[in-house]
Amino acid sequence: MNVRSVNFWARKGETMDKDARALAIAKKLHALENTSRAWDLKLEGAGEGWARCSMIIRDDMLNGLGTAHGGVIFALADTAFAWTCNSHNVRTFAQNASISFLSPGKAGEKLTAEAREETRGERTGVYIVRVTGEDGRVVAIFQGLARTAGGAVIEEDENG
Amino acid sequence: MNVRSVNFWARKGETMDKDARALAIAKKLHALENTSRAWDLKLEGAGEGWARCSMIIRDDMLNGLGTAHGGVIFALADTAFAWTCNSHNVRTFAQNASISFLSPGKAGEKLTAEAREETRGERTGVYIVRVTGEDGRVVAIFQGLARTAGGAVIEEDENG
Amino acid sequence: MNVRSVNFWARKGETMDKDARALAIAKKLHALENTSRAWDLKLEGAGEGWARCSMIIRDDMLNGLGTAHGGVIFALADTAFAWTCNSHNVRTFAQNASISFLSPGKAGEKLTAEAREETRGERTGVYIVRVTGEDGRVVAIFQGLARTAGGAVIEEDENG
Amino acid sequence: MNVRSVNFWARKGETMDKDARALAIAKKLHALENTSRAWDLKLEGAGEGWARCSMIIRDDMLNGLGTAHGGVIFALADTAFAWTCNSHNVRTFAQNASISFLSPGKAGEKLTAEAREETRGERTGVYIVRVTGEDGRVVAIFQGLARTAGGAVIEEDENG
């Protein structure tokens, strides 16, 4: 998304503005994370309170059974979680996460993680991430607990 | 550990035998996991009901804050968990994991994960993994729930 | 809900039928659980893949701070989870649960737990439960992992 | 434990002092918790970084299968966790807990929960609680994440 398009939507009012800011935050975090490049992790979309990213399971991401390593599935979910819990432009970090593994991720398969904010209080929030395979089956469900650290993720005029 | 040394210990009786078998299982899994090579993950030791591995946090493992990505810390813990829950030579897989993040992992730092079996029943078991930094501080605590799938991980004469 | 009303809805076709069956299951479990009587736990509603129950925080449910004991909040969520994971009329039990505590439950306050099925596979399913206070604030978020044991919860003609 | 015995041990030096203080804290919390009386929950022992309590599974604690309700098992574990994370005399509260259910608790059976501090940092700590049946089998494993709120649980001269 280029600067022009952000500004366009931002003019439409507060809600759009917040979604545009959230997308700008996700883009900034994506750019800052070395892991995103190392894993060819793609930002698929983001708004206030949600984010979606994807990754193709490469050979170097396989466990001894030839399926996606649990740590790789977690890492994808954790990335969507991080973008989402930072989407209000308050620096926030993960405190706890619980993941249920439901179906293996296959070699060569594109996995998608979609995070949504389940609730958010003054200092803490809870986020649910759903990781799905190409056929739509659920690979994992992730619940993350985040805590704000304070400070902004982006300058407010960075999102234009 | 070479074949000779395994046989030496194995002759000492059942307990040694089981620990030697557990080490052979960890070595086999380590060799089969593409992720271990991709992440330069080292097997530091293993026995029945425990395993230890380590990894140096490379630049390509950093998040946007310049510290170890949560997915990388989880992946290290998850690997020690997998070796430990398979250490009885019954194929076992992860069903659920919960991780508490306590301190960031630093760039260039060697992180070590040590898993221990907390309990094991007929079909399920619970494992605790402690991830520590070079200075001994606790980076994360991980609790894993595993379920047996049946079948052996190694042929019983593979461990010699 | 009386038998007549169940039959009425059941005639409307499969979807209604499944929701009526789910409600009959929740009612049966509610009646069988001694805890429901002990805690004055109310069934507020149920359908296939969801259930809602409530409880007033009595004095004998308070911790040392004078707020709802964490175990009481968990128990309410766990009950909604049990009804929901059994709502397909396949006997199912809890394997793991993770709960984030976000706000205390107050003395005398009515807490409501609403469970929804996040995903369900052949043997396992994941459920999210949201516990809220009278003012709508979120008291806790609960993620449950369930596993089917096989067998029916109710006779199919029990739901009429 | 009476006042005299606490003072006796307290004179022996700092370690004993801290364990005596931890026991005094557990006793105070036990006395303040209405739930302890409602559930006939017993304090079995406590020291700095650990606590043990027990409860007999009464008829009013049974679920629809005639076994201990998951919420009751959680509540027992959560109580041992609360005493342990407060054992350093800094007010601390639960943020997150994950529990794996391994074996049912039986009607009339005494269940025991033993909590131990796995790690403790400046603001957060992680605690593992093991719930066992009368025959020693593991009923559940619980992992709790606690956060300090500040302030003391007891006056330092309250432990004598």
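A few comments on the model shown:
We call the chains A, B, C and D, going by the order they appear; numbering starts again at 1 in every chain.
Heads up, the rule we're going with is that a residue touches a chain if its C-beta (ideal position, glycine included) is under 8 Å from a C-beta of that chain, and two chains touch if they have at least 3 such contacts.
Keep in mind that what you see is a predicted model, and the values were worked out from it rather than measured.
A count of contacting C-beta pairs for A-D and for B-D identifies B-D as the more extensively joined pair. In a homomeric contact, the two copies may use the same or different surfaces; for chain B and chain C, over half of the interface residue numbers are shared, pointing to the same surface. Distance from the chain B centre to the chain D centre is 30 Å, each centre being the mean of its Cα atoms.
A straight line joining the Cα centres of chain A and chain D is 37 Å long. In chain B, the residues that reach two or more other chains under the touch definition are 95-96, 98, 100, 124, 145. Residues 96, 98, 100, 102-103, 118-119, 121, 124, 126, 128, 130, 137-138, 141, 143, 145 of chain D are the ones that touch chain B when the two sit in their complex. Contacts from chain A toward chain D in the complex involve residues 95-96, 98, 124, 145. Note for the complex: chain A touches chain B at residues 28-29, 32-35, 37-38, 59-65, 69-72, 74-76, 78-79, 82, 93-101.
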